[in-house]
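Two complexes are shown next, each including chain A; its partner changes from chain B in the first to chain C in the second.
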Partner chain A sequence: MPAMPGATLSRWTPAYFAAAVLFLLLAEALMVAGFGYPATGLRSPETLALVHCVTLGWLSLLMLGALFQFVPVLVAGPIHSNELPLPTLVLILLGLGTLVAGFLQLAGRLPFIPATFLATTVLLSGGFGLALWNLGRTLYAARPLNLPAQFVTIGLASVAATVSFGIIFTLGFGGYARTLPLANLQAHGLPLHIIAGLAGWLTFTAIGVSHRLLAMFMLSPELDGPTTRWTLRLGCAALAIVIGAGAVVASAGHDPGLVLLVAGLTGLGCLALYARDAVQLYRKRLRPLIELNSRMAGVALGHLAGATVLLIVLVASGLLARHAGALVFLVCFGWLSGLGLAMLYKIVAFVTWLECYGPVLGKTPTPRVQDLVVEPRAARWFWLYFAAVDAATLALLAGMPLVFRAAAFAMCAATAGIAFELARTRRLVNVGSELRLPAGSRPPRLLSTFVPS
Partner chain B sequence: MSEVPGSAAVDQVREALKLVIDPELGYNIVDLGLIYDVAVKDGREAIITMTTTTRGCPATDYLRMGARDAAFSIEGIDEAEIILTYNPPWVPRMMSAQAKAHFRIRDE
Partner chain C sequence: MTGFVELDVRPILRSGGEPFTQIMQAVQGLAPGQGLRLFATFKPAPLLSLMGSRGFTHEARELAGGDWQVDFTPAVSPPAPAAKAAGAAPAGSEDWPAPLRELDNRQLDPPEPMVRTLAALEVLAPGQVLAALLCREPVFLFQELQKRGHSWRGGFEPDGTTYRVLIRAGTPPPGAAA
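This part shows the complex of A and B:
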């Protein structure tokens, strides 16, 4: 045997997932408490603190944890380093902590210390720099890249841009980097930061990973035809327009509205082609009965379609500025978080199975991955989650903050229910006692995966 | 090779391999069609040609080790060579009729 079994397991992915879920619960609890939008303005420091708990603490940690496990699957090669993800996680968590502290300083809730913002830029650029180095080296070693890996590469380029914009803003908050082009970017570049993060980093990477994972889980033919290639090309073009042309226009002191319109139309083409691919993946699946994760991924994809329609309606009616918060909320929670929770439900069970039962395969009967979960119980929490997200979005559109907080409470309860199910999976509670821990198997730890050295 | 596929030893190894399940599909790798060939050389060395449902599957090394250990469970087998191949790539129609019925996949 050339490779040690388990060498393909990502050691620190469970720690990323645990931290991510805690940040999601924290963000939802803050929304229940009326912290940030809509109680305060969309650009208020409180909203910025809340938004970064969601986008950095929850979505980015979730995505990075998943990528450390699945980029090696996508490229059929080993991760460059299975150890770097731990310092990466520590740096990002510290950076997020100082970032949130900085926003609370701007809100007057903490004494103002400019060095906080400087520390944030060092910590976050260090953390994401390590992640990009590790994943980038893994992808580089596996050239030529298949289509899903090319999507992930563009996603990683986008997170580099997102973090760069974020650093420029953060330095500005601390009173640093006030030269004219940077000050112009600080004044006009916020949409570029948001789009590079939500569309480029999170959505584009999710598109690439979902192509492969949905095909694997539903036994659908892998898509690498013209539709998928043009999805990649149009998405690349849209992101290049936003990040490249947008940065040039904004740093020259102009509003990048026209650039965003051109990029938006290109991006709509990309999303339309992805929708076609997603429908094909579900239609052409050979597995008629699909599992909860694939069903819920379908619901999340429906929310991406819903968010796209909402974007078109808001732009056409001139109401985008008024309802941008509701749109970003729907993208973050209906699409990205919905897909993230659905995939998390599967990945936790799969990784736990590999860790516990992989070593005894062929020696003794083992449970199936499906035996580690109880789908009907989890399904109720997923449906509650999506219903609450829809109610919260409608409450934001209708300007009903109390209804929004009630819906956020339901989201929080549903997330806690799903988190409880994930912990049960990790602890093998759902596996019958006769199969739970056969001789030679090892009980999993909650926050790390055992990887033989 | 002193024995050809179909011999008693080959059948025994094949049967033993049914203890190994693909974790994702939750079904044994023989009926899933992941075992492309089994041969037994000199009555003591099993040569198993197999694949996985997807290239780069994180379970690959475990499946190989599992196939080896399953072969070792047969009396007289003390060597095993596991050949991993993706040529041809696995497709669901390679499943046995029983597995197809389990997954409610139409038999083409």
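This part shows the complex of A and C:
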């Protein structure tokens, strides 16, 4: 049978979202308990365990789950495989489990087994390899790619680099890969791993996805003008400098500081152009009143701007080394997690609505997508979340660990509130009973989507 | 003698509602040879031509108080259904009739364009065509059209921002959700 045109629903995306939100809650609970930075050092094994719960468990699973649904929409073609995402998820979860176990071993909290890190290497490269294969084949089949898909492609290349750097470090922790260039990379390459992950993989992909999603949900004109093309080029150049030149310099045994400065200036140009595009998206929208997801995405974009200003101030004042933790925290929670939660709120409602009511549209009365959510209730949790993130960032900058933990508690409570709203949306609890399940519609399952074969 | 199923949509109309889906459900539920007696607050002119295209003749008369009663009676032989395979039809492969309706869905929030298009398709007879203007390629709509046995042709207009899709109603595949 020839491939169906258009996009299908992604079968396992709800499972990715559920796992991701659980890891976010776990990470926030660990911060409340005083686990990792700032109670222990920025490079302590406890902090590394915590950071990977956030970046791998929460942000990467969220992004992958979203991409399995969103890349087919971007390229108006079917996903290469709707089944591979499940083994992919299992491999990444097992890999993350062994990685965290390995860090706890380094911290002396578990007995040391060197093979743990070897297992991490196999599991995570397998998981991300499958994800890249699946999304890469989907994109490859849809060439020539539109601009948002090109952003996603660069993001995927960056995650390959991030995982490669990570594997080199992991092998080092386990006592493997001690040859000179690799040992040099292990000593000097940490900023490359962090920037490839947070800027290349997560931020650059989020830029591409947000271009399309914001245009779609605010009825703004699609962006494909010179500003957007230069955002892509400058971002590409900045990432190529960090990943390519940075790796060469670091593996030769030098500190890549100068490379990072050049890449940073290029990256600032990219972010400035993106800011201009984002303002245009909000200004030129045809909808005067926008929904909660677009409002909260705006707040997250504000946090990206805030993080950029903080970066410039810290570099200019020579305080970057001292406050790098606060900066990474603001990028992870104010920008990436804020945007992620905002988009989740819409995507869960939209996908659930399409899955449940798509087959009976036009034949029988159906609820609107907005009937699946109760925005005023969720809005309170979102505002609490962002306020708590700001308070936690200030507490880190001011060196007040107890205030940080209190703010982390508020973040955890707000996330739990948003997660509860997402589950209610998925279970159609907010829809009036007379419209909830008309004949011919199907009740959605929590962790997977029904996809007719 | 033809029996009639009675449907009174006046309460829905008076409360500001849209009785379209109820009417179509009633039409779908008719037994062979059965007619529909509709009560409305006005003469439903667009419905008359749509029902005509589905093979119904009608007799409309005004009731006391300005309401209308319309009796739809099935014609002896309904229009022959187009037995074509569903899916994206190559342009120019055959001539399609001119679209009966042109929907401009460019200013609607997603997923309203899809809801409106599918609702409009429900009243077409097999072989009839409708056109819709959209502000992007309707990737989720295609799946639903395929499942329902409709065929379509689409592409961006020369302005590069408007996507125009022509959809020809097909016969629903056996086992499709009613």
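Following the convention adopted for this analysis, the second predicted complex is superposed on the first by the 446 of 453 C-alpha atoms of A that agree within 3 Å, B and C clash if a C-alpha of one lies under 4 Å from a C-alpha of the other, contacts with A are read in each partner's own complex, and residues count from 1 in each chain.
Quick note on the criterion: a contact is a pair of C-beta atoms (placed from the backbone, for glycine too) under 8 Å apart; a residue touches a chain by one contact, two chains touch by 3 or more.
Note that the structure is predicted; figures quoted are calculated from it, not measured.
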item: Fit or clash - chain C, chain B, common chain A; value: clash
item: Touched partner set for A:L289, first chain B, second chain C, both or neither; value: first
item: Chain B versus chain C as contact partner of A:R380, first or second or both or neither; value: neither
item: Superposition-derived comparison: chain B or chain C, residues of chain A touched; value: B
item: A:Q69 touches, of chain B and chain C: first, second, both or neither?; value: first
item: Footprint overlap on chain A, where chain B in one structure and chain C in the other make contact; value: 4-8, 72-73, 76, 216-217, 219, 286-287, 350, 353-354, 358-359, 361-366, 369
item: Partner chain B, residues of chain A touching it in the complex; value: 1, 3-9, 69, 72-77, 216-217, 219, 286-289, 350-351, 353-354, 357-359, 361-366, 368-371
item: Chain A-facing residues of chain C, complex; value: 21, 24-25, 87-88, 107, 109-111, 114-115, 117-122, 135-144, 146-147, 161, 177-178
item: Complex interface listing, chain A residues touching chain C; value: 4-8, 72-73, 76, 216-217, 219, 221-222, 286-287, 350, 353-354, 358-366, 369, 439-440, 452
item: Chain B residues within the chain A interface of the complex; value: 16-17, 19-21, 23-24, 26-27, 53-70, 73, 82, 92, 103-105
